[in-house]
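Letters A, B and C mark the chains in the order given here, with residues in each chain numbered from 1 onward.
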Amino acid sequence: MRVALFATCLVDTVAPQVAMATARLLERLGHEVVVPPGQACCGQMHVNTGYRREAVPIVANHVRAFAGAEVVVSPSGSCVASIHHQQAMVLRRAGEEGLAAEAEALAERTHELSQFLVDVLGVTDVGAYYPHRVTYHPTCHSLRLLRVGDRPLQLLRAVRGLDLVELPAAEQCCGFGGTFSIKNSDTSTAMLTDKMANVLSTHAEVCTAGDASCLMHIGGGLSRLRSGTRTVHLAEILASTEDAVSPQQTTRPAVSA
Amino acid sequence: MTTAPERPAPTPLAPGAPRSGTTFLGLPTAPRGVGHLRGDRSFPDAARDALRDGQLRANLGHATSTIRAKRAKVVGEVPDWEELRQAGKALKQSTMARLDELLVQLEDQVTARGGTVHWARDADEANAIVTRLVQATGADEVVKVKSMATQEIGLNEALEAAGITAHETDLAELIVQLGDDAPSHILVPAIHKNRAEIREIFLRTMPQFQGPDADRDLPDEPRRLAMAARTHLRERFLRARVAISGANFAVAETGTLAVVESEGNGRMCLTLPQTLITVMGIEKLVPTWRDLEVFLQLLPRSSTGERMNPYTSTWAGVTPGDGPQEFHLVLLDNGRTAVLADEVGREALHCIRCSACLNVCPVYERTGGHSYGSVYPGPIGAVLSPQLTGVEDNASLPYASSLCGACYDACPVAIDIPSILVHLRAEHVEAQERTTPEAVAFRALSKAMSHPRLWRLTQRAAGLGRLLARGKPTLPPVLPPPVSGWTRSRDLPTPPRETFTQAWAREHGR
Amino acid sequence: MSAREEVLSRIRTALGERRPDVVVPRDYRTADERPAEQLREVLVDRLEDYKASVLHCGPDEVGATVAAALDTGLGAGWDPASVVVAPGVPAGWRPEGATEDDARPAVELAAFAATLTGVAVAIAETGTLVLDGSPLSGRRAVSLLPDCLVCVVEAGQVVGSVPEALPRLDPNAPLTMISGPSATSDIELQRVEGVHGPRTLVVVLVS
């Protein structure tokens, strides 16, 4: 299959290794990966902060950038959720009926990574190897908007060497919430603290999730505490293989940008 | 002990300020200067203090986790929960679509059964009506069933100004009233207090514990505390001549009103006094008697996590020889029609005040209800209060959510609270007459993100941020606002040398 | 303009001309097909979960079982005159010497130790007894003020679920749906039985 990769603005700019891992993984599974060069952002941050008018051209750009794609995959639950639940609505409100219909059609062809692997490709064992103790945080938009369910866990359970430990109170939000983390920094931090306490209680080396944004939040907190636990995106774990393990590597995933 | 903020005095009016705003259709919002829909501080400011109150955090964490588990259990045993939820949602939608018609039908039915219906445009008018009705009976005290509508309009204060004492009879309301505190939860207004604090309030304020001969033996066991409240209120119930209640539902077809409760204080108020005055928001209607079969299943399981609450009372007008012989129903607008005018926001009027959204909300669990500044806290408060008052009077509330969506999942009538929050944020942004620095940034970013070339340049500029890191894996913790909001408690990774799209293009020869 | 006219006109303005036509999906359960015996078991389970006591008996043993119920609620040796019965309660159910409710002021009922009533319908799934203000159920105050409430539920009165109960009830009657003794969860959201309503509920279930 020819898969168009939507990296998302955040991953592209600050966590390129996540997109690279996604591409490597899909290639390893025998698919051709293309990266449409016109891509930028899905518009979610603007919509969720109240700038829905300003989101219109961003969404339009997104629809344009992926116009020819047969199937789009993205390593971000919340961006895919925005594509499914917000884009057409924002365009419609701005009177862009035609574009809204295109956005809807594009949303149908757009998949979050774990859903693409399990539902579209029908694989749970992607041949990965990652010999670490890992806990999984189900991010809110993956959980409640996309309903990814236990797909990420199915994928993780099939990873060789991986010791999966359950995260207490896993379904509680980590406190990121986009601009919420800045506008309501104190409350966000209180939520993060509880999330970190739960993560640390598992004694996992790695906390993983399907959203780079939430991981940046949890990881930023763990790093500030100088804790030994780091955050690694699900795609990075799934892209890791035995061949790629190097002597210097600790919990660092095998594929880097 | 938790130091609860005193209930803020109603927002003072600047001289010459309008009493209330209007929506674009000219529909007035709830007036300023009366009632409890507006806080005196923004949410982030109030939350900052609440977060430091360890006792509050412990009390709330304990209470909300208890109720979450109970709710999950009893909801889980209903095989058709989702069907009931969708029916509840549709019933409320169809009610809103015919609200005028149904209210007139309700009025006819109540009147035909010996009740009197009053209409109140806003809090002031409702307070005046109720005060006049109480005065007409000659009573100088009333007993009250817990009611959000009367909290919203500040009825107790209005009665007090007229020399009438209102006795709250719900246990939690009583705790709040005796403690000179403000409610912090829809269902359990004293959820922020633990047993030890409640014991202290009772010992300090209940007449039965005063005086030299009083038996001050009161352990902090919930059962004993409930008994103390029983003793305290018994006499008041038996002598009361006037009761004031809210209503959970009103059936347009039959004129039936319903109050759902647990303790029996509601039954006391609805049964013993000669006069009953019910204040009800105009959105509390359901079209037919049959419709209660949906809500009586949804509400108790969602609110107290019980299969059914101990007592549900229904009545239609006046029943000779049984209960109050004089019945008044006050139908309250107070900004509801302004909410109804918003096609996205009107869904907030579907709320049946179960409080499930509060109990599952990670923000509410940590900040408590007082931070919201309104009698309606938590997720539903964050969408209802700003709409009742006009968004600009409660502008920080729509942002008081991480949009995690737990409220939507828990809501028994499937109100899409996150979508309304996002909608109200946009209403706030679009209401700004002056350009804010934030708007400048978002507009610039919008421009960049819609022009791929410009976007690549922007990304490169962001990448230069790595120079600040001087080779370290994270950026320095002290950065200027608004980034400081992040870096005060979280590290930011140093931006990579190359973006993904750059790296990909390089590898693939573009 | 009167407040009534103004509120109604605001609603019309808010809704505008084009009002949605909403179809209400009623695909939830409206009947419980379980056999009567099983429904009674569910009812008992729910009532006991609420900390109510349940006594079983045949149609001929109601009187004796009511007496046993009062033993449970009041302790042996209770005074029959301190028991008030709803006026429509059959003679065979009443303890000898019990007081029948009359037109006395409602607050005087507080002086009684216990109340005996029948019910209009009982809902198994939620453990709910519905009293409807009829002579058998009594006026509302009678089942409220005395501290112990004994209700007799007859065989044909048990339905499975809420949707089966409502059609049997008169929407204009003063109804009280009772699910266990009065209770509160207002202190740390922990349920405690017994506040203002009767603290003891004993159900006599007739087969």
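The rule we apply is simple: a contact is a pair of C-beta atoms (placed from the backbone, for glycine too) under 8 Å apart; a residue touches a chain by one contact, two chains touch by 3 or more.
The structure presented is a predicted model; accordingly, all values stated were derived computationally and were not measured.
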{"item": "Chain contact graph, described as a line, ring, star, complete graph or other shape", "value": "line"}
{"item": "Per Cα centroids, the chain farthest from subunit C", "value": "A"}
{"item": "Rounded Å distance, subunit A centre to subunit C centre (Cα mean)", "value": "53"}
{"item": "Gap in Å, rounded to a whole number, between the CA centres of subunit C and subunit B", "value": "30"}
{"item": "Shared interface positions of subunit B, touching two or more other chains", "value": "none"}
{"item": "Subunit B - residues contacting subunit C, complex", "value": "25-27, 59, 62-64, 66-67, 70, 79-80, 83-84, 86-87, 90-91, 93-94, 96-100, 103-104, 107, 113, 118-121, 125, 169-172, 175, 188, 190-191, 194-195, 198, 222-223, 225-227, 229-230, 233-234, 237-239, 251, 253-256, 262-265, 267-268, 270-272, 282, 289-290, 292-294, 296-297, 300, 304, 306-317, 319, 321-323, 331, 333, 337-338, 340-341, 346"}
{"item": "Complex contact set, residues of subunit B against subunit A", "value": "43-44, 47-48, 51, 362-363, 366-367, 398-406, 408-409, 422, 425-430, 438-439, 442-443, 445-452, 455, 459, 462-463, 473-474, 477, 482-483, 485-486, 488-493, 495-496, 498-501, 503-505, 508, 510"}
{"item": "Sites on subunit A touched by subunit B in the complex", "value": "7, 9, 11-20, 23, 35, 37-41, 43, 46-55, 57-58, 60-61, 65, 86, 140-141, 143-145, 171-173, 175-192, 216-217, 219-221, 223-224, 257"}
{"item": "Subunit C to subunit B touching residues, read off their complex", "value": "2-4, 6-8, 10-15, 19-30, 46, 49-50, 103, 106-107, 110, 123, 125-128, 133, 139-141, 144, 161-163, 166-167, 171-192, 194-198"}
